[in-house]
Amino acid sequence: MTERSPATRRTLWLVLSLVFAFLYIPIAVLVALSFNQGGLPTVWSGFSLKWYASLAGNAAILSAALNTLIVALVSTAIATLLGTLLAIGVEMRRQYGSGLEALIFAPMIIPDIVLAVALLSFFSMLDFTLGLHTIILAHVVFNLAFVCSVVRARLKSFDWSIVEASADLGASAVTTFRRVTLPVILPAVVAGALLAFTLSVDEFIIAFFTAGAGRASTTLPMQIYSMIRFGITPEINALATIVMAVSITALTLSQRLNRGVIGQ
Amino acid sequence: MTATTLRGRSLKTSAIALGLALALSAPAAAADLVISNWDGYMAPDAMAAFKAATGVSGEVVVHATNEEIMGKLVASGGKGYDVVFVSSPFAEVLNNLGLIETIDHAKVPNLANLYPEAAKLPHDVGNNFSVPYTWGTTGLCYRSDLVKTEPASWNDLLAPSDALKGKTTMLATDRWLLAAGQLAKGYSVNETDPAKLAEVKDLLISAKKTLLAYDDTTFYSKLVSGEALMVQAWDGWCNYGIAENPEIKYVIPKEGSDLWVDTMVVMKASANKDAAFQFINFMLDAKNHAWAAQNIDYKVPNKPAMESLPADFLAKFPNMSMPVAELVKFEQLRDVGDAQRDYSKIVSEIKAAQ
Amino acid sequence: MNSYRPSRSSLLMAPALAWLTALMVVPCALVLALAFFRRGIYGGIEYSFTLENFGLVLDPLYAGIFLNSARIAGTATLIAVVIGYAAAYAIAAAPRRWQPVFLFFAVLPFWSNYLIRTYAWIVLLNREGLITQLLRWFGYTGEPPSMLYTEGAVIAGLVYNYLPFVILACYAPLSRLNPELAEASRDLGASAMTTFRRVILPLTVPGIAAGAVFVFVLSIGNFVTPALLGGGRFQMIGNLVYDQFLTANDWPFGAALAMALIAIMLLVLTAQALAADRAAGRIAQAKGGADD
């Protein structure tokens, strides 16, 4: 795609500018409103941090944020471990049926609402008490699939003969893993973990269905949903800004650690 | 590099193990009682006052709608909750499902404060499984400064004048949505005859074309902002609007209203039933119940409480002074059993209609 | 050689596969089973076999909701694909070193909270919202247009939320496109439009298909966007499933609906795989031709 007429080039730049405007204006508006004293989208009444201050004093939001952090950290940890092992196992074997592929792919494509009602029925039938732990169990399902796919992408170019060589030199399987495999895949593992963390922090539907009673298992997205449903309060804008900043930081880190994660 | 990373990793692993142990360990709430109520449906200091009076601590969790808490209760068998606030038809269903406890009248002496009518409500004569907390009507809430003629009929909402088109909302909750159509047609709010229900459906589908939205959580703020000019509303919730803008008024259409009753029920799965009854008794105390009424702007079925309400409060919200005898003339929504599936289907049909 | 032993790889895969089996396969199988039972009178499940839930899915009402959801999801998909493809094309045409940066910023919003991105549209679209204010500022005095709680609002929300993925999916094949192919086509006298239609577009079909499938599947099962931006006036399959489980207490019917949703998803995925296969054939052909 080389020489282009100036007119074509102008058109392409115009397309890009419009698309970026479409993508970023709604977000920019929320961020701007979060600093608006009056809090209303109607008038700019001066710069203020008061909505952030009122967030800091909102016990329900703080407890929801803590719950979200617990869910995201624990589910990410489990998913990273299981997803990485899965990726190595799959790539080591190389020959796998389409059934296995489908099973690993399914959590990424299954509609959230279906997984949500399936888990709700399952937990309810087993007479499980719903709570943060059930959200964690559920989040690991899709998180491990995402971690696995990121790590697998890295392993595609992995030279398994080094593993062989290491084994031939008498290293145990564990040593080989620590000294040979892990250093190669570590950036992908961390990137996968950050991706999982981001997904878990933002996930709403499955958490909504698998959460138990009350504040003890209300996550931030659930809190945001109920705030939106109960009317527009300016606190949401401040909360939205913070949540976006956190996800964007995690994603940027993930991208830098493993070039092109999002491209896969 | 590898060695330090690995040390970091094992540290991380133990941190993970610890976190896991923490998260999976008893998800139990710290409070003695878990009470599920609508957001803002009791005095903000009620739990502190309850704790001061009895030493029992309670955590209030909120549900947005009856349906939402019903879904949770049915899915979990009621585990995790002690006292739940639900509207009467849902209390009936919970009772039929065997999820709620019989009210032990000996432990709730303040039941004596209820109006005699509130002890004979058709959904639960004698308050066997539910205790009424608030009651009232469903009618039209509107901006008297922006609506030219005072609405008088459900048809003013269902077939609005041109000025109101696109500026009305109806309740999203199945039963109350249908009730507007049933009342407009002059049918019972518990009508199950398919032919009559079909008429109601057609009426509500035609009404949908002029509707801004179905809304049962933010309709009063839409009135205050002017996004909507006339909404189907519960009387107390209209009062929230009146509190913010005195031009907002409430009227019961000439075809009538339902008599809705929000009740307190005790879950069978509760591990702390005595405390649960203690809580209900506390809420029924004349002073506490009056304080609740003043905080949430809803009528309460408590005689001494209602009689103690200050005059300026009653003047501000005219519908608070509605005589009990008039109120109980209206029909209650009842659980319709097998017909519920027809009701759900009709509501789906209305909401899917173009 | 012993590190390749299948037994070892099975051991590595076992925990994850066990997790997926216990918490995805079994629950989904359970939902499938639920769909064959009856709803109890007061909700709950009555364990007697029936096919009536699947019959109900085919009832004109619910089939109509399926069609309507498919129409809304399809419209959102079409718009997202057109905009996303144009954006991906523009990115692929940008100077090489800028491409990753543009791509990164195109995808970034996708990773911020879905609810928040949807909420932003309430702020923009409501009658007293930002767009109305802007119109007034420009001197518009009439009745503000009603934009929120319309089908347009629902579609805008879906397009906005899923657009980044389409850009990503379309960018991949566009960036790999061999510039010589387009040149050859032009040398042979084809117009820019013909080159695009006959050469570029067919070669990038797999990307379009992947993006389209993603948007379609996520849109048709969505319940948050219709609930928040549609004001409850639009019923999509996602809402219907939600309602059966959390409102109507009709789990068996909700289960049948969920299974129908899965069936649609499988159908769409199969179609995508077929489209990708055909495109792969064409690409192989094109490559063979270019080598000559």
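Letters are used for the chains, namely A, B and C, taken in the order the chains are written, and counting of residues starts over at 1 for each.
Assume a contact is a pair of C-beta atoms (placed from the backbone, for glycine too) under 8 Å apart; a residue touches a chain by one contact, two chains touch by 3 or more.
Chain by chain, the UniProt names read as follows: A = Polyamine transporter subunit membrane component of ABC superfamily; B = Extracellular solute-binding protein family 1; C = Binding-protein-dependent transport systems inner membrane component.
All values reported here derive from a predicted model rather than from experimental measurement.
Compared with chain C, the chain whose C-alpha mean position is the greatest distance off is B.
Just to note, of A-B and A-C, the chains joined by more C-beta pairs in contact are A-C. Look at where the CA atoms of chain A average out and do the same for chain B: the two points lie 35 Å apart. Rounded to a whole number, the gap between the C-alpha centres of chain A and chain C is 17 angstrom. Shared contact sites, meaning residues of chain C that touch two or more other chains, fall at 128, 245-246.
Residue positions of chain B with contacts to 2 or more other chains are 72. Counting partner chains per residue, chain A has residues 81, 120, 229, 232 touching two or more of them. Interface residues of chain C, counted against chain A in their complex, comprise 1-4, 6, 8-13, 15-17, 19-20, 23-28, 30-31, 34, 83, 86-87, 89-94, 100, 102-109, 111-124, 128-130, 133, 160, 163-164, 167-168, 171-172, 177, 179, 182-183, 217-218, 220-224, 228, 238, 241-242, 245-246, 251, 254-255, 258, 261-262, 265, 269. On the side of chain A, the complex with chain C involves touching residues 1-2, 4, 9, 12-13, 15-16, 19-20, 22-24, 26-27, 29-30, 33, 41-42, 81-83, 85-86, 88-90, 92-93, 103-104, 106-107, 109-115, 117-122, 125, 137-138, 140-141, 144-145, 148, 160, 163-164, 167, 173, 176, 198, 201-202, 204-205, 209, 221, 224-225, 228-229, 232, 236, 240, 243-244, 247-248, 250-251, 255, 260, 262-263. On the chain A side of its complex with chain B, the touching residues are 70-71, 73-74, 77-78, 81, 120, 123-124, 127, 129-133, 136, 178-179, 182-183, 186, 212-218, 226, 229-232. Partner chain A is touched in their complex by these residues of chain B: 1-2, 5-6, 12, 16, 19-20, 22-24, 27, 29, 34, 36, 39, 59, 61-62, 64, 72, 75-77, 79-81, 217-218, 221. Taken in their complex, chain C has these residues touching chain B: 39, 41-44, 61-62, 64-65, 68, 126-128, 146, 149, 231-235, 239-240, 243-250.
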